[in-house]
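Got some structures for you, see below.
Each of the two complexes below includes chain A, the first together with chain B, the second together with chain C.
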Partner chain A sequence: MSDKHFVSDAPFDPESIERMTADQEKFFLASRRKLIWWKLRRHKLAVCCGFILAFMYGSTLISEFIAPYNYQTRNTNNIYSPPQRIHFFHQGEFIGPFVYGNDYRLNMENLKREYTPNPDKPERIRFFCQGDSYKFWNLIDADFHFFCPAEDKTLFIFGTDRLGRDMFSRIVYGARISLLIGLGGVAVSLFLGLLFGGLAGYYGGWVDSVIQRVTEIIRSFPELPLWMALSAILPVTWSPLAVFFGITVILALLDWTGLARSVRSKLLALREEDYCTAARLMGAPPSRIIKKHLLPGFSSHIIASATLSIPGMILGETALSFLGLGLRPPITSWGVLLNEAQNINVVALYPWLILPVLPVMIIILAFNFFGDGLRDAADPYK
Partner chain B sequence: MIGYVVKRLLMMIPTLLVISFIVFVIIQLPPGDYLETYIAELESQGESVDSEKVAFLRAEYGLDKPFLVQYFNWVKGFAFGNFGYSFEFDLPVREVVGDRIWLTILVSVITIIFTWIIAFPIGIYSATHQYSWGDYGLSFLGFLGLATPNFLLALVMLYLANIWFGTSIGGLMAPEYLDQPWSWAKFKSVLAHLWIPVVVIGTSGTAGMIRRVRANLLDELEKQYVLTGKAKGLAPGKLLRKYPLRMSLNFFIADIGSLLPSVISGAEVTAIVLSLPTTGPMLLSALQSQDMYLAGSFLMFLAMLTVVGMLVSDLLLAWLDPRIRLQGAVAA
Partner chain C sequence: MRIRHTQLLIFIFFLFGGISLTATAYVEPEIPQTESDAPQPFNDRLPDEPSVVVLDGDYIPGKYGGSMRLLMGKKKDIRLMTVYSYARLVAFNQELELKPDILLSFDIQEGRIFTLKLRKGHRWSDGEPFTTEAFRYYWEDVLNNEELYPFGIPSELLVDGKPPVVTIIDEQTIRYEWDEPNPFFLPALAEPRPLYLYAPGHYLKQFHANYTAVETLALQVEEAGTRNWAGLHHRRNHPYKNDNPSLPVLQPWFNTTKPPAERYVFKRNPYYHRVDQNGIQLPYIDEVTMQITSSSLVAAKAGAGEADLQGRYIRLDNYTFLKGGEERGNYSVRLWQNGAGSQYALYPNLNSNNPVWRELVRERQFRHALSIGINRHEINQVIYFGLAEATGNTVMPGCNLHTNTYQSNWSYFDIEQANEILDGLGLDKRDDRGIRLMKNGKPLEIILHTAGEGTEETDILELIGESWRQLGVMLFVKPSQREVFRERVFSGEAMMAMFNGIDNGMPTGEMSPGEFAPIDQTQLQWPKWGQYYQTNMQVGEAPDIAEAKQLLDLYHEWSKSDAVEDRESIWHQMLKIYSEEVFSIGLICGVPQPVVVNNRLRNVPQEALYSWTPTAFFGVYRPDTFWFE
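Our next item is the complex of A and B:
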């Protein structure tokens, strides 16, 4: 009878039910950063936009190399030349990427410059070649480019402006300033937001009320007119670089309120958490509580909010420069480029001059989607 | 309710005072003043400076007086409808501003109504069809509207309207109606021009609003009372209309507060591009020429517009939602 029952020889493990599988253990022991990363990774669109952002910011490191021309090179024979199409097959034969050379004619009736691609003049694009000389990062002399036109020919894939400058190169160089102003502005506004939000959340009482009222008032102000007024203050005598820093600070001056609010509310909420109380009861000094318990708690959230406030600044700079109140040439940003597209004639006659709006839209969409994903991931326990 | 209204009105006064101070500091910050620029300009042209006029203006505005005195003089004038003197136009600010402020209000109000009409149905659709293709498509469109710079959209729309409908470029009406009395034809011309700025300014606000309506309605849809209604066999359309929609309507009015600043910001740039006879183009020129009282008054008007708009939204909200009303009464 008794040998019908199976009795395991293995020693009895009283914790067999509670013990976690390897996967579970990995999940429960993962650091906060890892959890956020896992959650973000599942958000396909956000990851994709993250790559776009990384690519665009990466390109600003090597703008000189990517752009076929220097941003100030004037091609006086090619003023207002339209974008050239890149082809691969010439008369049914594959000869790699090339463009058809333009035939130029001045229309004597309306004095319009007319460029027509000549299908008999294929001009192959060269890669990793020598072209316009430049100073890499303003330090090293070089003339190496990712791609250049055929020998003694021209190549304008985004067309040229009124001085015959290559739009593509200018857009690539403009990315530097436009993207940097977003980062710089957000750094300043993060500082202000952390400072005032932290003060309000930490001290509470009348400090809190005063800061709350001030942020409310600033938020109720329409941003753009105030930005306009502030940038009108910048003296005309300032160098373009000084104006650049001035504009960065101005953009941040109105932007920190949102961050301050989220810092304050997070701080107030976290201060009441059990683990903070526990730390306080164990006699941890405030500096340790802030560093070990509060900061990690809201840093991811703050980073996400900061990411979401960058696109507004990039748009703000673009609008200010477009109106002629922001950055000034020779500094080249996307807004400065769009300043040339200010009147309706440009849209009608030289529509490629509004191309700088494309990278603006791409970067803003990317920041929005990435920031959204980051914000969702910032709270990994949800 | 009356207590709440009074309390809310009283709260506006310090806000406006702080705003007026900030505005005055900003317009005072540039070195020098308009008179100095003006005198330098006249002298460079070899003309003699009318010292009497300069003295009159200096005395009138106390430009030689200390900062705080100037500020108090300026603010004091507000109570009597005196907004200072525009140096550039050689007229009191009130006359220069004239109809422009009303046109700005008109454009803003129509834009907000437009935003509501577009954003509300789309937001409801997105929330009730969460994660469907329609939701994704509409969200993407909304984001696209958010990412397109207003001024460029204005230029392109202007061009397209001119090509497709033959609308004249710039302004709020065709040039032939400019100094005409109001007539049916003029009204139609205004309508034909007005839709461009309204659509342009509306796009960015609409995008944000769609997202907020969607998020808000999604929160409501998850609540227990919706489940109860469903369990009791209420028709889906009626259930949506009777309960969650009403709740999110509150939020809808509260959202004026975040919509209004963006609408007015957008309206300024768009007006400059479209050369509308609103405050935008004049604010820009006043800022550039250091016409401080004109610029200051414009900034003040715009801020006042948002503050009053928020007041209206708060009052509407209090009227709609007894919880807010009671809270206000208790606090008062």
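Our next item is the complex of A and C:
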């Protein structure tokens, strides 16, 4: 036992406890946006899903380029052709990606179209090649594709449907509609939700009561029958594009209520905060208070919940089209493709026609995980 | 099935003594007896002279037993049991000749006096005697009753607007006599949906004001919720619809299930009038069950072996699937020939409400252009495996009246010629999409209504729409339910419709050419003209195209003529006009119809004609002779 006190030789620094490490300092000084990003980045699954989403949405910008065929190109000689497997080695020799050409035979016994890959006919896939011509973004005539079948040969990596149309190309084109309808619908419902939620939350009183009751009435309708009724009204002569917008609006009209509610409750909480009272006392008009003081307080939250409602929209479109009430051919969405796959023949004989389910599942899961991560990250100070 | 002692004795005699069977030695199935409806004493259930069916060649006499399962897609389909059962006063046989069936015989004089003779001892399915009283009741108390038929005798029984004189000669003989020949009379009795001349008065009198006190009736009317006693009477007497289990019938099986239900059971009629050559009373099969399901599930269920005889709701594109399930489901799929003149046809509505469209579509050349703007070869290849043939909406190859010109008139594919025709019609202006503009400046957009139940119609229409696009014609498809669909066509709202083609693709000169003349509202190309004819010029519009009038005149001429050559020549004139005018646009004919038959089910033909009329689907092959091994 020593009776001597330990005294540090280091000079006394009274702020040593409060001083932050470089990391901490960075954290404290970082902007809100940066914080959200850091927090989101730690959520590996969300990041991964974010990439998937970015990839899929990116693909819709260049669908024509990615798809080897146009979505309406019929190959009457290749009806119900099963997916062709991509090989790399032909007789033990690497010759790059290729498929074996199909030998076609109509089995007169059971009227089945039989395709057998012929191992003597390797057909190399071409890349950055010329194929079906299209109008890129409806502006530029082009015929350039990422990959095409060998000259005068066929390439159906997801098989073909009953009119001999390439499923892969149709899914790629369908993504454009299915994904855009999600974004478009959410944009409209975000606008409506912000408007009505904002009014209700900020003004309170009878405005709030009226909007709340209307919201409740809308929410009390069962969704699907209402969608069906509304979409049945769309005139048959509308161009498919107009129908597309119509469906978007219908989906949005029924979806804004949830958003409006969360906006309202957030606003009700925030407007009682001291800084709001201060602003009001200083004579700031409502629009400034909402924009400068209230909106930033819950914008991240809104983005997260909007992200989470996109998959609902996509599923809504798919469900409507599946029931034959949504989009109509020639517009192709995943729902339209699935609508065409709903019969016993498909399940028993042509299972590849159910493939559009895959991208639907992937995109829904991706949105859900990504939205989850975003929601966790949205309030970085917690 | 147990054979009773007397029969057994006769049978033994027959075996050992070589005593030939006498006409009285019929074998009747034993019916489980209940106290309430005890059948008549044995051997008294058959008519004295039953109709004897000789089963030879591919057809073998069978044995009793079993339950035949059918699948249907709609509640209303129980009426098909009347079609399949096909017991008619006179009926077509497999050679499509008219033979007496329920009748013992019939006699025609001058084509206008029909003497019908019933079978003595024939009974209704409830055991009551079936005599000319049933005809009298229906004629006097039903058809001539002002409350039941406020508009008078139905037009099927009128010739030149005049009803027949009906004379009851005795219990078994009745005569219908018109002033003019009535060639429609006997074929109408043999229709899948027959013209009824009789009704079970003994049962129906309780709903008839002439026989039942007003107070009793009022109670029943209230209970049934109908407007008056006439409504009640009509509701109880729907022999075709099969919806009243209490209604006595003459069919081989009668319905025992009260609608609505998911499963209907049809039990053997113990008083049925037909026997096979061994004297065994038909039908062989004890009962028929009809399962109502969704029409899209019928193929799947049939493929799982849940049907013993199925043609309805099965299409050629199910063939591969059904063929794959043959062993598992213990059935075989046979390809019958579909007897429709054209599998589907397009019907431009000549009575459309849209004046610009109406004027255009009445232009013969416009219809020509639309017809040759269709690539039938492609439709055949893509949808029917190339097994069918391109055709106009006319009679089928194989029919006596068929010629290649009728089939190929305007049913080839020539986009260039079609475009020239359309340009020549003053439709040469186009909008920025390349769609032609009509006279009023509106784009030529055709909204086509269909009662589509599957993808077959929409696929065909997609192919048509694509080739019409090359003509500068835009096609929109509006599928709807069959009732709504018809209503829209009848009212003139629909511009064009797609529906089955000519029903009877295999007519003979003796059969009515009515499908080619404007006489029926359900003819979707001229519903209002048809209505006009049907309602005796009360409702609808008079035909105002010369060729349509000509068809109508020829139809009248046919009905007046009684020489076979004349009738055939009239048929040819009508077919020629129709195919040149293209009043409806035919597409494809000769599409095989898959029929699922249980492997244990005997006497179903391997190959046959499958159509509504004249074969009543399975009707003329007589399901009462089918049996289970």
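Just so we're on the same page, the second predicted complex is superposed on the first by the 355 of 382 C-alpha atoms of A that agree within 3 Å, B and C clash if a C-alpha of one lies under 4 Å from a C-alpha of the other, contacts with A are read in each partner's own complex, and residues count from 1 in each chain.
The rule is short, and it goes like this: a contact is a pair of C-beta atoms (placed from the backbone, for glycine too) under 8 Å apart; a residue touches a chain by one contact, two chains touch by 3 or more.
As the structure is a prediction and not an experimental result, all values here were calculated from the model.
A.B. asks: Using the superposition on chain A, tell me whether chain B and chain C clash or fit.
C.D. replies: Superposition check on chain A flags a clash between chain B and chain C.
A.B. asks: Let me test your reading of the model: by the given contact rule, A:S287 touches which partner, first (chain B), second (chain C), both or neither?
C.D. replies: neither
A.B. asks: Determine, under the contact definition given at the top, whether A:L163 touches first (chain B), second (chain C), both, or neither.
C.D. replies: Touch status of A:L163: second partner only.
A.B. asks: When the two structures are overlaid on chain A, which partner does A:P329 contact: first (chain B), second (chain C), both, or neither?
C.D. replies: In the superposition, A:P329 contacts chain C only.
A.B. asks: Touching A:T76, do we find chain B (first), chain C (second), both, or neither?
C.D. replies: In the superposed model, A:T76 contacts chain C only, not chain B.
A.B. asks: Does the superposition put A:S8 against chain B (first), chain C (second), both, or neither?
C.D. replies: Neither chain B nor chain C is touched by A:S8.
A.B. asks: Quick one: classify A:A341 as touching chain B (first), chain C (second), both or neither.
C.D. replies: Once the two structures are laid over each other on A, A:A341 reaches chain B alone.
A.B. asks: Figure out whether A:K112 sits in contact with chain B (first) or chain C (second), or with both, or with neither.
C.D. replies: Only chain C is touched by A:K112; chain B is not.
A.B. asks: Which chain, chain B or chain C, ends up touching more residues of chain A in the combined arrangement?
C.D. replies: B
A.B. asks: Looking at the overlay, does A:E223 come into contact with chain B only (first), chain C only (second), both, or neither?
C.D. replies: In the superposed model, A:E223 contacts chain B only, not chain C.
A.B. asks: For chain A, which residues belong to both interfaces, chain B and chain C?
C.D. replies: On chain A, the residues that contact chain B in one structure and chain C in the other are 343-344, 348.
A.B. asks: For the complex, which residues does chain C have touching chain A?
C.D. replies: 296-297, 299-300, 303, 316-321, 323-324, 378, 381-383, 385, 387, 445, 447, 454-455, 459, 462-463, 476-479
A.B. asks: Along chain A, where are the residues that touch chain C in the complex?
C.D. replies: 74, 76, 79, 106, 109-112, 162-164, 236-237, 324, 329, 340, 343-345, 348-349
A.B. asks: State the interface residues of chain A toward chain B in the complex, per the touch definition above.
C.D. replies: 213-214, 216-217, 219-226, 228-230, 232-233, 235, 311, 315, 318-319, 322-323, 325, 338, 341-344, 346-348, 354, 357, 360-361, 364-365, 368-369
A.B. asks: Over in the complex, which chain B residues touch chain A? Could you list them?
C.D. replies: My answer: residues 15, 18-19, 22-23, 26-27, 29-31, 143-144, 146-152, 155-156, 158-159, 162, 169, 257, 260-262, 264-266, 268-269, 272-273, 283-284, 287-288, 295, 298-299, 302-303, 306-307, 310.
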